[in-house]
Amino acid sequence: MDFQPILDEINDELRPRLGQVGGKVASYIPALARVSPQQFGIALRTCAGDTAAAGDAAVPFSIQSMSKVFSLTLAIRSLDEALWDRIGREPSGSAFNSLVQLESERGIPRNPFINAGAIAVADRLVSLGDAKAELLAMLARLCGEPIPIDAEVARSEADTGFRNTALANFMKGFDTLDNDVAEVLDVYFNQCALSMTCEQVACAAGYLCRDGRHPLAGTPVLSPAQARRVNALMLTCGTYDAAGEFAFRIGLPCKSGVGGGIMAVVPDRLTLCVWSPALDPTGNSLLGRQALELFVAKTGLSVF
Amino acid sequence: MDFQPILDEINDELRPRLGQVGGKVASYIPALARVSPQQFGIALRTCAGDTAAAGDAAVPFSIQSMSKVFSLTLAIRSLDEALWDRIGREPSGSAFNSLVQLESERGIPRNPFINAGAIAVADRLVSLGDAKAELLAMLARLCGEPIPIDAEVARSEADTGFRNTALANFMKGFDTLDNDVAEVLDVYFNQCALSMTCEQVACAAGYLCRDGRHPLAGTPVLSPAQARRVNALMLTCGTYDAAGEFAFRIGLPCKSGVGGGIMAVVPDRLTLCVWSPALDPTGNSLLGRQALELFVAKTGLSVF
Amino acid sequence: MDFQPILDEINDELRPRLGQVGGKVASYIPALARVSPQQFGIALRTCAGDTAAAGDAAVPFSIQSMSKVFSLTLAIRSLDEALWDRIGREPSGSAFNSLVQLESERGIPRNPFINAGAIAVADRLVSLGDAKAELLAMLARLCGEPIPIDAEVARSEADTGFRNTALANFMKGFDTLDNDVAEVLDVYFNQCALSMTCEQVACAAGYLCRDGRHPLAGTPVLSPAQARRVNALMLTCGTYDAAGEFAFRIGLPCKSGVGGGIMAVVPDRLTLCVWSPALDPTGNSLLGRQALELFVAKTGLSVF
Amino acid sequence: MDFQPILDEINDELRPRLGQVGGKVASYIPALARVSPQQFGIALRTCAGDTAAAGDAAVPFSIQSMSKVFSLTLAIRSLDEALWDRIGREPSGSAFNSLVQLESERGIPRNPFINAGAIAVADRLVSLGDAKAELLAMLARLCGEPIPIDAEVARSEADTGFRNTALANFMKGFDTLDNDVAEVLDVYFNQCALSMTCEQVACAAGYLCRDGRHPLAGTPVLSPAQARRVNALMLTCGTYDAAGEFAFRIGLPCKSGVGGGIMAVVPDRLTLCVWSPALDPTGNSLLGRQALELFVAKTGLSVF
């Protein structure tokens, strides 16, 4: 299948909707609130190494929660099954429930993609070594080039991250974090501030459509079973409270971020990244979601 | 792939665990509590029409919540998107939440596979005609033979179904059921009491791996998009609170019932049904789950 | 203290507000929705037997949840401490929680004044004999005259009481109701449909300010400790989610009903009943509440 | 009434139960865990200024949550009704709900006696000036002598107060705290570490039984209405999840602390303080509660 014309069509179809649709750019951090919503990019990379891209696919954006896939990957590499001692693997049911469930489930987050879960993953990484450096090193290897952290975004996250500070202290109170709260949050806030382009994300996530093998080198990043499990978690928990809806309408493992990016995996075929900053009420990129629906409709690709 | 030896291996491997494992037969109805846990069956049917079976694959059992796939199919055929006006498509997060969520979400069940959702589907079917007769007719067409309702089980469900009666009245109080509570529950209790064998279920569910086409006749049961969406719902919501775990370990759309059956779909390949009455704490068949894990490990089949 | 002029003042002060204020008559039953909001009555009876009344104090109205005080009294008389095996004594925290808590607390209602608790009390009364007849007999003795049940209201409650039917079936599912759901609900729906005047309620509740002694005969209705405990329950749980606010602003044990009545107790002094059909958003009579605030301000009476 | 013999009787009756009963000393802070459970004290002070005391009534203990009454008093003095803009006045329903409710009620604590509420009160006090100094000054005036803060307890609270840090950050995230989280928590942790004797507490709380007038000087600490309202809040919310039970069995406004103290008010008569470090499962002093039940039974004093 030649994907470039398909991405061009999607770009042509969606670009006129920029600024018309009702989405809103994430505003909890000044550095994010300043991003122009008038941007849309899409890029993919097949298992064979072919690439296609359209629109603002080379513009860097804040990957935010998409980073949870990479930190999870790093933790699974070192801990495999032991990672799951203090993190669950079930959908959380509701945005509001994250704290509710954390209370009734005594500090064990539902899954690694809600904030509490990603903070718990960061805690494990801190126990294993220099988490920030390890993450940057893994991403550099996956992309073939260094990935920067946006220092202003990281600082803003820290300055305004009261809810995440609450979550981390809450878990610490249940004794389910091993390390100092501030140190764990520093890793978490920095990973959220990673700045990548659609092309880089599509490349970096490539191991997820290749049974865990490195997109460029072919060496194992994860085992085949581990890669399948990350995909399963993305499908059931990767898009906040819209995971059921994404599975229903798009049918691909996806992970979104409030920066407006969404990565998607077509197992054994390709990885894809879309980006457009304006978000729908579930916190997922409004045009990004439409782009994925169009992609699935045009290609017939779906895991189901 | 020749599946018969694989099913034989699974049967050989699991049969010795019957009676040793810690599961418990559903006991809330005498007719279910009497079923011997010493049974295990597995059957599959490929898209090409090949079949394989092992163990107690020809023994009829109470399909219970597996019936929700068939009633949902019937409702989607008639209503398509309109079905979703009063039923959601998101995982419910927790067994305990079903009623909690029904309250906070004002009588709109989270998805069609929790009890409240299946009762809401039954209400739609009652509005459309003789729901029980339609369901029996559809199943007879799908299996090529009539499917019986176990009258004793249906009666027991009605006599002890206080929780389901509560759910139905609760929705009626929110004005999200159109029909008489007793009439809706009669459909629901009867569909739960359908009695089928693994072989029959594997055949009947065949449209789910064939883009919606009838397993025998090839005529459309659902559109390709509708079939994919049923699979998506099964993967995200089909196995109670273990949906995330099933996706993680098995990676196939599954729907279980407290009678001990689990149906699974490998899109474009085959449908599968396993049955063993003893349940794990999440209400899913203990050996059935192990059988599916073995099947996936031996065949490498998974949607991810 | 001469109370008649005080009640007259309150009546004079509040009557002009009838129809101006923003309250709404309960509308879930036609027979209640038809009641004119242009009514206000107030009556009291002292421990010494003196009475005072103003406004529509002799107009009968549907006492609804105020009946829970009388059914509780009947149950305590027979069961004393044993009553509390399956009913709690704590405030429920939130209207929405009633079902939520019933689920997490496995069918044990928080207190006898939420609907689930009053249904549980009715279940105990059904086990003890002809609950409806006993309740009518007790009220006739307390008032010195027979008290009617409004048959239309009772029938409407039964026809539209889906939420209460849900609660009763839910408890039955937890095995915390002993009797047939329909029989228990019949008692409950009938007690809610009792029709009394402010004067009758002020007289009937008289034992609550007299250490449990009958307002007319002086014979024990409850023991002194039991009477104090009913007052305590009224103060902490008697006015739905506004119990804290009533304690804070009025400082008297009160029990309200959606018919617009509120009974209040000044221990060792008097019992009081106000009535005005329009309700505030918490389900308590809007003018009734203002009347009680005025009464407390003018008399300085409060338990605190 | 001569109270000294009554307190002596209570002391004689309860002292043999020390060490036999099943309670447990609060263990979340080393300095509290070290306190010997073999202690029991009781002291009261009447409106007329008479005092009585028995047992370890002169031994200082950590007043913990009892301090919430004094910080609330200080805030009401300055802000009166404006205090309630961001703090509710309803019972919270359940210990577990504190965070749950804070989430669904968007950072507005249910009442000033749950931790979140007391932290919100501390935030108001920080906005008004040097909160710690003001609190110490007010207590010194109320007791006629300076009251110390146990520095080790305060430090331990800060070192292990992850849950309270979570609550404060959570509210800050909802924008319902005005001041720096660390500064607010410093006030809160210090007020919890106040060290007082039963005799001092009985004296200091004296304004609550005197329509708000200073126990020694007679000058107004609170207005009569304000004092009544503090009593109302103590009765409905002062003893964690046992508030209904306290109202039911004891019938007096009470405020407990995990240091094992409970203060109680008999309006227009006296204030009382009991102390015994071992706690029951609701976090209230086990013997303290029994002492209050005995006191009420022996004196007949109750607000109901």
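Every chain is named by a letter (A, B, C and D) in the order it is written, and numbering of its residues begins at 1.
Methods note: a contact is a pair of C-beta atoms (placed from the backbone, for glycine too) under 8 Å apart; a residue touches a chain by one contact, two chains touch by 3 or more.
Note that this is a predicted model, so its numbers are computed, not measured.
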Which chains lie in contact with each of chain A and chain D?
none
Per Cα centroids, the chain farthest from chain D
B
How many angstrom lie between the CA centroids of chain A and chain B, rounded to a whole number?
32
Chain B and chain C: spacing of chain centres that average the CA atoms, whole Å:
47
Let me have the rounded angstrom distance from the C-alpha centre of chain A over to the C-alpha centre of chain C, please.
55
Taking all chains into account, which pairs touch?
A-B, A-D, B-C, C-D
Residues on chain B engaged by chain C in the complex (per definition of touch):
96, 99-100, 103-104, 162-163, 165-170, 172-173, 181
Under the definition above, what is the set of chain A residues touching chain B in their complex?
88-94, 97, 101, 110-111, 227-229, 231-233, 235-237, 241-245, 247-249, 251, 253, 267, 302-304
